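Below are two complexes that have chain A in common, paired first with chain B and then with chain C.
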Partner chain A sequence: MNTIDGSDRHVQTDSAPPPSLLAIVLDTNPHAWAHLSSSLSLSAALANILVFINAHLASGNANEVAVIASHSHKATFLYPTPTAPQPKARNGANGDVAMNGTDDSKGHHIAENPNKYRAFALVESAILKNFAKLLDETNESHLAATPTTLIGGAISLALTYISKSTMLHAPTAASAESMSLAALADSENAHVDRIPLTSRILIVSVSGDLANQYIPVMNSIFAAQRKKIPIDILKLAGDTVLLQQASDATGGVYMKPDRPEGLLQYLMMAFLPDATARASLVIPSAGGVDFRAACFCHRKVVDVGFVCSVCLSIFCSSNLPDNLCLTCGSYLSLRSALINPPALIPRKKKKKRKVGTDSATPGASTPAGSSTPMHP
Partner chain B sequence: MSTAAASYRKQDGTVSVSADGKAVSWTSSSGAIPPLSIIIADIGNLQQTPATAAKASIKIVVPDSAPQPGSYTLQFTSSAARDDQQTITGLLRKWIEASKTQAAPTAAPTGTNGDGASAAIALAQTVAVAAKGSDDSYDDAKLLSDLELQMSLLNTNPSLRQRFDRALAEKPDTVSLGQFSNQFWTTRVHMLRSHVTEKTQATGTYNVLSVIKSKTVNGALTLSLTKEQIELLFRQHPIVQKAYNENVPQLNETDFWERFFHSRLMKKLKGERIREQDVLDPKLDKYLQYDEAIENSDQFIDSLPLFINIEGNEQNHSQKQGNRPDFTMTPSNYDKAPILRVLNRMSEKMLKDVPYSDGDRHAPVGVDEQTYKELQLRDLQRADDDNRVVLRVQDQSRFFSAGQSVQSSTSAATYTKRTPSQALAILHRDFEAISANQSKAAGVDLQTTLGINDDSSSDEENATSKIRKVGGKSSRSAATVQIVSAIKKRHLHDDDYSSSKAMPTSEQAKKLAISEAALDNLTITHNTTIEFLHYFWAVFHSGDSDRANEVAKLIETLDKSLDRIKAVADVAEADRSIQLDRYRKEVESYNQRSGKKRKFDPQNIKGGARAVNQVVEPLLRAINAARNQYAEALQEQMSQVSVGKGL
Partner chain C sequence: MSASSSIQALEYLQGLPLQTHRKLYEAPSTVLAVFRCMLPHLAKSIVMAMLYMPSALPAADLEAWFKPSARREREQALSILDRLHILTSKREDDRSLSYSLSQGFQRSLRQAIEGSGTHRTFGVPATKAERREEKLGIDFLDQHARTQWEGILFFMVSGAAGFAPGSVKMDVGPGTKQLLHKGDLVRTVHETPKITKEGFTFVLQETNAQVWNLLIVYLRMGHELGMSETEVLSFLFMLGSLELGQDYSTSTLSDTQLQMLDDLSAMGIVYRSSKDSRTFYPTRLATTLTSDSGALPGTDISTNEKTDSKAQNKGFIIVETNYRLYAYTNSLIQIAILSLFTKLQHRFPNLVSGKLTKESVHRAVQSGITSAQIISYLTTYAHPQMQKSNPPLPPTVMDQIRLWEYEGERVEVTTGYLMREFGSEVEYRDVQGYAEALGVLVWKNDAERCFFVSHVEQISAYLKKKKEGRGGR
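Presenting the complex of A and B:
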């Protein structure tokens, strides 16, 4: 048929890699950045990240970006600029968020620089403007209240944004069905499948003390795992416990730079490849992962803990008040979970006691004596 | 069911013999004593007071071998006590005799048609016994004591056998064979269980006609039929048996089968279409008109309750096609697709022969009361009680936010150097630097902000400022080094991971540059050592001072494991030194021949003890952890003992 009417009816296959959405969660904890200011100031870091964003946008025509600030009192979008819930002036949001997501129509004039690609300039000005706003909103009482940042909320925001963008990109179940029906009916016509979006989250973290957000962060990690969204971690400062698990569980990159001053190099080398490219690369995250969890009772990171059999809460000690789980209130006796103290001296009438045998047993230890706590 | 007023332990109540004769029970009228229930089959002796005595009572003796031994004396209290006694003893005698003649186990489940309290008790008991009986074969303790089963599992699983034998050979002498095998199997109960299940599975019947195929041998068509096949054929197709019975005396048996396999009957049974040119057979063709309905009359489908008969409900969809059955089952379509119908019928027949896995074979057919109640969709009914387990999750932030302040954490301590206002001021000042540019027409000049200056050399940089510059050359190269080293490390790990999955031993050995024999040796040593580590921790944490000697012996065994690993490493090292010698000679001869200088680098020869130790490193760590903890605990206890003696 192609030869008859001279038309090319082959199915259009796009050989380009699928568009990639990069959601950057920027930890803007003022405490930590003030602490870091001697080695790596926030402005320098922001400039580095802007260059990195430009590199990401440049590496694919349809690539998108979202930047979320995880501040000390709130988590908010830096880019795209969050729109207040009011009737939109322009109808027909076409999902082209990367290009015109900033509502520059509000009258804010973007400086036209002939030497700067306009798309880059848009992202840049939006991020700076929103960050300035965030900084102005922050007052001392916010800082005094907490030493850390709301990372859990920020990851949730990133996940919801990714989820929304993915839906805008991928054909829904209904449209897929109609499309396949149409394809069946008219199989000669080429139809263009919408290419799914590959997304990833990059967390630039400077705060420690994230164990108190153990539950929301863990939930986000599991959500990301389900959606196959890798979470990359760039840990400029602070302790590593929770976020390392996030990258490990989702197959992301974990980096704790020895020299934060080389930030751009880290960003470009380790974090620029998207999920499609990573399939053929060796990911630069090495070293053992700290899989320890934080206990629910004292927020301590525990080696060996006790888990409620009903609600899976983690406790660091076996002495619970009234033998009730602190979270769900169900009966939880942990006495039977304790391992017997070893008796190593034969035939002594006196019972030997040894304290602290329930400490971590590395290697292939499988305490056979421990069993699920049972209700008597 | 027969009841009578009787007292037991001076408490008034009623004695009753259940209708099915399985149990005799007594319930207190005041409820002071828990009800009593004795399984009749367990009764060893029954005594009654003579007819002349003032009191009418019976004594039931249950021997010690029964689940609930003891003797129970019941005294009849009604006005017609003597008569009651006669009836009850008569009944009991009858049932005891019946249960004794019946060689069947006592655990046989009873019918469910009983009513009243005693029947309920009897039912509960028998059900419990029956449930126990069916679970028994999967019980841990039973599996562990079943030597025959373990042997058969070892025989079917060579690698397990190897592991077992090896571990057995190396076990310390103090550990008895029984202890050892018990330990070995406790960690593998799941394997035993699956083996039992595997063994109890049997192949069911199959469609015989499709299996029997003629073969051409020496140009002649021959057909081989086994006895079992014929038997199965008769069972699956009674019509063939009928034909056989009626024709075989007259016909030769071989002739009969020959004719049958060419006949239209055979085609019909197979579900093939009968064509005009098919040979007619006056003897067998009359069976073509057999009545399928008779054959189908005992379909087990009838016993399905209608409301869970999905297929039936589907067909009974009034909006769709009324009560019309599926098209393969409607008479008009019989001849269009006979094969479908025949296959359907064959499947049904075969399924009918398979015993239910989830029910008792001898139980009455159909849905009993209990099942019916179970099947009722109670939870969908309006008046149903809510029996969900309510999980009351308390506010978790209570735990976390409590007491959280700037001072509470580790990194927060470093923040306290600045007051919040100072921190904020630093940030504001810093940010102004970048946003100041923005107000100009050019936007942020990223190049200057980044501070990357390719013209500057790192020496220069160090000279100008002691502070490491952001984006400076040294910072960037340090970052590169870190990432590249991480990539290299990861690369190594990834390879390890993939190799353990699919790569054969020879390839793995080549990669490690150690001989295959050495690697095999290492693998076996690893396996047995893990076995002993399991054993060690089990005994160590048992807290049983009687087993203290065992622990000591196991530590010795682990020491021996270390020796074994060292032996393998020595062999590998010896191999390597041979290779090293060869390589040195090669280099020397090359240098002599060509006159060029080639450097001899011993690093070029990989493998040896280092490779071995690298592989077993986690194992060594595990052994050492065990040894250290043992030594630590031992020392502590020793000191306690000496203190105790000193006092």
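Presenting the complex of A and C:
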């Protein structure tokens, strides 16, 4: 019996963890990086991220990486290089990923370097090439147009890429034998068997003020939550309510380092462990999460807003044109709610008292607190 | 699938002394290979977290980083890092313990993932002048590797299977034969090679594990012949980081490594067009040394290990509840392996049939094959039709094979150390708990306060640390 136990344990500890796919969304917003250049320049950050990517690739033999730049006027893949027009049409959340002459990225023109592991060299040269291309394409009109970055599109790109890779990784699910096996096994086992790829998204963000993309980002967050993809946030500068919520909702890491120049150490320590390793590590997360939403009419973050009873859109004021919801067009009679404010106030007071006494995150404690006393 | 193969290499590596480790860690390609395929997953996280840390990491901080429930995983990761001399622990002035990466390892791993330095350890590609002829295709290299490797396997099983030596065209070089004898995988009895217990374990392994197994024998033998272990190992790890289908220059290799090239090309691990060629090609056997050759879809589905002939034949055995066995194969190796534990009766162009009998299984057990090996072999290669049921093999057959084995085997041998004469119950519980956390505990007896472990180094270090800690207070 002892030997059976012993061998079992041996196998268990040494069984290879599932390959992990890391999709990095790099915020390349020129305005924000210019602001940050005194402590950490974009090129230094990129160098650190390349080292981090190599470390990730080294951590598992089948590990994969995807890098997406969220620039001021478009979101585009830095790695893998988008090749044929067909995948572009499918991937392009923004429709403007089109680039010319990027085929044959893995070509032989990459100089063989005896000092570098080839797999690393391929990724590195592709990223640098695409990044240089992106910067070349950026002109002043792009910069003048917007001070922010297209984070929503970039996250969508990451999600679509992950979903495509997951499908590629699923073991020959079509073959008859595994199908019947899956049917025999209980549903939980079948689930585990068919998704051997663990994915996560890392957003290296420098821009603040992302509230104008509230809706696309929130939708991406919910998609990630549904697919069980953690979104890790490394916030080098600026502060947004939105990304904090993203990491909280999906169970990712949130970090806002005080000293951005130590980027590499933050990456290596907090963001390198994949889902397998995180099971036994304490991961840093945002302490108090700001759960405030942005209104749909002016993209402002609001404390108290008005919600359409049909489509759940949020508005900052009740003065809607013609009393019609801006999103779904339903007629909303806000007058009754305004006439009858006392119904709202006592409830709010109750909530506030709870928040005051409870030191835990306000959002998490309220729903549980209201229901438990009734049904112990 | 690489689990068993990397365990072997890992165990060998752990046995090396500190000096050898130091020298090994000079080469970034070696360090990267050790990191990629030898370390458990959590150990990788620890190493990477500490790689760019400016100061030593206090043990208390490391402990705080892990969840309390993951104590066992932490101890295992630390113990492997310690045994490989990657992590060094130091006692600070205030008696607190702190860890740091060993200097050489840290420097080389940094160079490896940054791609810096001028160490030239990731293989120097051949120049046009050195190549002289057309570049060879991957298909050709695969073919070469397969022929050579199957030749070795067939050589091993042919004796037991009753084929006369030389009756089939496949043959292996004298160097490889010597290697197989040295590793006690094969013994020559009456001029015919006879497979041993170890040899059978070897044959049933995955190709990747087989390669490692043979290379470790080669390492041991090389050591006796005066080849430097460090050079041999770093060359092997370098081979693992090369690109399939690329030819590399021999100009930067040392004499030992040139000698190795000859031996390795006999095994099909590398290919050289001629003995004095100035270039060599790594084959798939080499490039998958330090990787899971398993599924890597998206990158190279078409050139996967799956093209291996063994995998092509995957699923060809049918076992019936009446112990009859039908195998749809015409591969001599498969037939030879089957004949080790089956009484084969008929052979048709694409099918052999036979029966699992008490005698045949007993014969296999006596030559050192375990029932678990037989069952796992039959399960792995069960016909798709059989795999529809769960378990694929009929339970009666599996049980009977086990029972046949147990008839002959009553005693199990494990080498290790007995720990006894503990001062107090508390101390016993503590040390035994630590051993269990390390995963080295084999047997224990609470009443007698003694237990048996397979590895003692970590435990003695732990006891020493405890003693020191008590002395200070």
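Convention: the second predicted complex is superposed on the first by the 271 of 376 C-alpha atoms of A that agree within 3 Å, B and C clash if a C-alpha of one lies under 4 Å from a C-alpha of the other, contacts with A are read in each partner's own complex, and residues count from 1 in each chain.
Assume a contact is a pair of C-beta atoms (placed from the backbone, for glycine too) under 8 Å apart; a residue touches a chain by one contact, two chains touch by 3 or more.
Only a predicted model underlies this, so the values are computations on that prediction, with no experimental measurement involved.
In the superposition on chain A, A:Cys311 makes contact with chain B only, while chain C stays out of contact range.
Touch criterion met: A:Lys116 reaches chain B and chain C at once.
In the superposition on chain A, A:Ser43 makes contact with chain B only, while chain C stays out of contact range.
Applying the stated contact rule after C-alpha superposition, one finds that A:Asn319 touches neither chain B nor chain C.
When both complexes are overlaid on chain A, the residue A:Ala62 reaches chain C alone and has no touch with chain B.
In the superposition on chain A, contact is made by A:Leu168 with chain C only, not with chain B. Of the two partner chains placed by superposition, chain B and chain C are both touched by A:Val51.
Shared-chain residue A:Ile215: touches chain B; no touch with chain C.
Comparing chain C and chain B on the residues of chain A they touch gives the larger count to B. Judged by the touch definition given at the top, the superposed model places A:Leu264 against both chain B and chain C. Chain A residues in contact with chain B (one complex) as well as with chain C (other complex) are 51, 54, 112-113, 115-116, 121, 124, 264-265, 269, 282. On chain A, the positions that touch chain C within their shared complex are 2-3, 6, 9-11, 13-17, 51, 54-55, 58-62, 64, 112-118, 120-121, 124, 165, 168-169, 171, 176-177, 180-181, 184-185, 196, 264-265, 268-269, 272-273, 276-277, 279-282. Within the complex formed with chain B, the residues of chain A that make contact are 30-35, 37-44, 46-48, 50-51, 54, 111-113, 115-116, 121, 124-125, 128, 131-132, 135, 138-144, 146-148, 207-209, 212-215, 237-239, 255, 257-259, 261-266, 269-270, 282-287, 296-297, 299, 310-311, 326-330, 339-348, 350-352, 354, 357, 361-369. Touching chain A in their complex are the following residues of chain B: 186-187, 391-394, 396, 399-401, 404-406, 408-412, 414-415, 417-424, 426-428, 430-431, 433-435, 438, 440-444, 446, 449-452, 467-472, 475-480, 482-487, 489-491, 493-494, 530, 533-534, 537-538, 540-549, 551-552, 618, 621-623, 625-626, 629-630, 633-634, 636-638, 640-641, 644. Contact residues on chain C toward chain A in their complex (touch as defined above): 1-3, 6-7, 28-29, 32, 35-37, 40-42, 44-45, 48-49, 51-53, 64-67, 69-70, 73-74, 76, 111-125, 241-243, 246, 252, 290-292, 294-298, 384, 387-388, 390, 412, 414, 439, 442-443, 454.
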